[in-house]
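In what follows, structures are represented as structure tokens.
Common to both upcoming complexes is subunit A, partnered first by subunit B, then by subunit C.
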Partner chain A sequence: MTAARSARKGTLVAVVSTLFVATLLAIAIGSSPSWPLVQKAFFDGTYFSTSLPDVVGAFFINIQLFVLAEILILPIGLLIALARSITNPAFAPLRIFATIYTDFFRGVPSILLIYVLGFGVPALRLPGVPKEPFFWALVTLVLIYSAYVSEVYRAGIESIHPSQERAARALGLTRFQALRFVVLPQALRRVVPPLLNDFIGLQKDTALVSILGVVEAFKQAQILKSANFNFTPLMTTALIFLVITIPMTRLVDRLAAKDRAAQQGGAR
Partner chain B sequence: MARVKAKRIAAAPVLELRGVSKRYGRALVLDKIDLTLAEHEVVCLIGASGSGKSTLLRCADLLEPIDAGSIALDGRAVSADDRDADETRRQLGIVFQGFSLFPHLTALENVALAPRVALGLTPTAAEKRARALLKQLGLAAKANAYPDSLSGGQQQRVAIARALATEPKVLLLDEITSALDPVLVADVLEALRALAKGGATMLIATHEMAFAADVADRICYLEGGRIIEQGSPEKIFGAPRDARTRAFLKRVRSVGASALR
Partner chain C sequence: MSTTRSRIAIGQTTRMAVVVMAMAMFLAACGGSAASPSASLDASCAKDKLALKTAGKLTLSTDNPAYSPWFQGGNEGATVWTGDYNNDPAKGQGYEGAVAYAVAEKLGFATADVVWIHTTFDASFAPGAKDFDLFLNQVSIKAERAEAIDFSSGYYDVAQGVVTIEGSPIAGATSIAELKTAKLGAQIGTTSLDAINNVIKPDTEAAVFNTNDEAVAALNGGIIDGIVTDVPTAFYMRDAQLTGGIIVGQLPSEGGVQEQFGIVLEKDSALTACVSAVVDALKADGTLAALLTEWIADKASAPVLK
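For the complex of A and B:
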């Protein structure tokens, strides 16, 4: 009862003080002599409303890119993680390949790879090799983020105590069955928050493919900016990205907090 | 002390270890162990921590390769390096000190997993078997509980049910009451007594001397990776011949009743 009342009081204080500070800031910024200039260049209402449909339309390209990429990355990342986890000496080449893969694609700037693959490979004019920038943009994002995601999977697999695999093997399960029924189900649960974190990065990085001339939201905003010499369309694009990424970051925070609570409580 | 012994022990050995040695780096953990287990026989391994009891069980379960010697199950030589080592492990059940239940599965799923996946039973048949085992161990009401909501004693009994689910020829038990609250130990030991009475073949590493005296057909005293002395509980506890066995038992008794529970 008292706790609930003090919590309500706390919320009220927080709201009032935040509103107060926000109002002060708004007045301070709004009354500064250069504000009209800044507002006209970046936050113009007319440009905002005219650019919105175009930018939102182009954003569907970004959505297509990251949804397709995520669908491909989830299994590919897992396969790479498993390749790195194999201890059997006969599979050493596979493990070495997977290690080089993750080292390389995590270590090279994304924009460089997009450039090289998106412009370089189609320029070879190899028969049967697609030339569409969208295709190469997708390939590059999948290559890079599969490397990141495989490391997330691997950390999850390694976080499961070896006694779990031993117990499974003792029951007569094969190495693969132990992985499939005992280790992976536990590992996958643990990797959801870091996995979503990588996906937030991926969603933002879809803007990088604009260098290939793919007219996605950022490229569309650049076109509109150049046409009117006004930066507002870029702010519109930023807003659209935030609409997608902020709820996802909040979700990640909540899942991570839930995991922590479960682990401290000794729960599953 | 209710006697659970006085039963027929078949002559043919189920599990046979011959000259088994195991090293960890330079340390010789098992030194030419000879041990046979007949059908329906209950053998208890006693000895201080580090005497090789756990390693002996893990090697017998083919979870660790051995460096010398041989292991035979039902007269057939088996090894951890065998292609069919998984198949052999199905015929052996092991319960660990730390339970090692699968936390993402319910008690029922923990027990049903090996019958379904390793033995290839249908899900219905596997579940039926798991339910029967849980009931046998007094856990019928806990079938749908996750391990973290069970007490240590209940978890350990689920682990025993899980080890029994593949109908092993031998049940290996590695100090399975050491991690338990004293009040929970009784439940687990009672479950083991019932299994012994039912004719299960068991190799038990334990610190529970009174329990060992009660349930075992034979006691083996281990020290430094060797079996120093073995014989009936009456002989080992009543009239140990080796000075090292006497010293160990004296040390255990001096610790007090808690170690002899």
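For the complex of A and C:
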């Protein structure tokens, strides 16, 4: 049996088994006596098409929010990771601060933080302190996700074998130069897939800004849902999020595969 | 299919009965003698013929927390509706609490046969069987909503009001035009949002909160300039939730159509016709008006903004 024939046979088996499972699922769901009821409440064509323009329009707020947050998180996360990696005892306060920061902001639920910052800080009515919900949602996401991302960076930095740094130092590079020109370039390449993974989580979490009254995609869907007592607009929103996140998850998979291949030196 | 048809038949009979009853009462009123409304309820609405969730019990429901003036009387001894400002609906106090027990009584239930359960707003219209017989939660009657659930006749005529706090840009506003530049907030799922968009039409998009409590927090924080809510709730916010709260006024009804709160029932519920007949009877015999005077009369209207 040639490799090509074997591959064709593999594809055929995959298609048949997928179709079989999908058919079984469709029959199981469709045979439920209340399926028409659920279909009308969650998958109504008319409510889908009427909600689409409103939800897409509101989704621009989500896009603004995650693009701005991602731009801020990349450098902040790196700085925190570096602060945690410094071994010089003189910088102990910095390392302690970075450790507390990552422990706290990874541990606290984002929904609680957005409540406290978004409603609590404006209530102080301090002059010059912004009260816009968008601002506080951005702050919340940056605080929480830079803590996650800093850990991703740190894992990347620590995955570089110590011999790399020692070799660089032996060549006469300073500690900083070794980090800047030898360790970081290798570490950053390695962390791209897990970094994008965190960003997918971040994109979905932009819906949290709705807590503060901002009408973004999820809130817009909730408004339409409550106005008509039909849940279809929520499905519309889910679809829009998937349209954005699925290409990104595919990209993450491809980058990870490429990285694996590169590390194995082309051997398959 | 046959059950659906028979339900429709019951509905039609009841509606006809209601019309006949209304005419009879009108004639009786003209004649100067009061009719006895309980005697005019359709025989199919007798207590033992009602299709109830739990036999012999009327299962009522509302959301948690339950706020004044809709529910009052505190929550001593309650296990579900707990916490400051929350009220146990089983006290039968507050406008909706009192209406609920008036409906129960008219259907033939003693106070002891009434059971209260907690249902969230979203769960009240999610597809499938409901745990409650009747859900009273200031739900406005709308044709689109009636696709998912049944509504009884309206038991309360709603007006939307604007509430703010001292120091807000709209604290001294006396007209709708003065509200156009304001950042207004409303609770999600309410027709208050429709009132902002269709009656006030502000320059800035309205903020929409998951609960009224969050709208209050946003008003306190200066994130929004004012809240639009039903008038009794606006008074409640001013009196109990806000420091320096101010009622700006009441909004005219949208397009001249009177908005009403209705009791929510499961879609195609066999109870709907009977409950509507009961609400109509309570309206006709003046019970609803009396309860309104008892619980919210002083908080039911504010100067109408032009």
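Please note the rule applied: the second predicted complex is superposed on the first by the 250 of 268 C-alpha atoms of A that agree within 3 Å, B and C clash if a C-alpha of one lies under 4 Å from a C-alpha of the other, contacts with A are read in each partner's own complex, and residues count from 1 in each chain.
Simple rule for what comes next: a contact is a pair of C-beta atoms (placed from the backbone, for glycine too) under 8 Å apart; a residue touches a chain by one contact, two chains touch by 3 or more.
Just so we're clear, the structure is a prediction, and the values are computed from it rather than from any experiment.
Colleague: Applying the document's definition of touch, where does A:Ser226 land relative to subunit B and subunit C: first, second, both, or neither?
Modeller: Touch status of A:Ser226: second partner only.
Colleague: Touch check for A:Val214: first (subunit B), second (subunit C), both, or neither?
Modeller: Touch partner of A:Val214: subunit C, not subunit B.
Colleague: A:Ala123 in the overlay: touching subunit B, subunit C, both, or neither? Say first, second, both or neither.
Modeller: second
Colleague: Just subunit B (first), just subunit C (second), both, or neither: which does A:Ser34 touch?
Modeller: Only subunit C; A:Ser34 stays clear of subunit B.
Colleague: Which of the two partners, first being subunit B and second being subunit C, lies in contact with A:Phe134: first, second, both, or neither?
Modeller: neither
Colleague: Looking only at contacts as defined up top, I'd like to know whether subunit B or subunit C touches more of subunit A.
Modeller: After superposing on chain A, more of subunit A is contacted by C.
Colleague: Going by the contact definition given at the top, which residues of subunit A touch subunit B in one complex and subunit C in the other?
Modeller: Shared contact residues on subunit A (touching subunit B in one complex, subunit C in the other): none at all.
Colleague: Write out the stretch or stretches of subunit C touching subunit A in their complex.
Modeller: Per the touch definition, subunit C meets subunit A at residues 121-122, 125-128, 142, 144-145, 147-149, 185, 188-190, 193-194, 205-210, 214-215, 217-218, 220-224.
Colleague: Please give the residue numbers of subunit A that touch subunit B in the complex, ascending.
Modeller: Per the touch definition, subunit A meets subunit B at residues 163-164, 166-174, 177, 181-182, 185-186, 189, 266-268.
Colleague: Considering the complex alone, what residue numbers of subunit B touch subunit A?
Modeller: Checking each residue of subunit B against subunit A gives 61, 63, 86-94, 96, 98, 100-104, 113-114, 117-119, 146-148, 162-163, 165-166.
Colleague: If we count contacts the way the header does, which residues on subunit A are in touch with subunit C in the complex?
Modeller: Going through subunit A, the ones touching subunit C are 34, 37-38, 40-42, 118-123, 125, 131-133, 210-215, 219, 222-223, 225-231.
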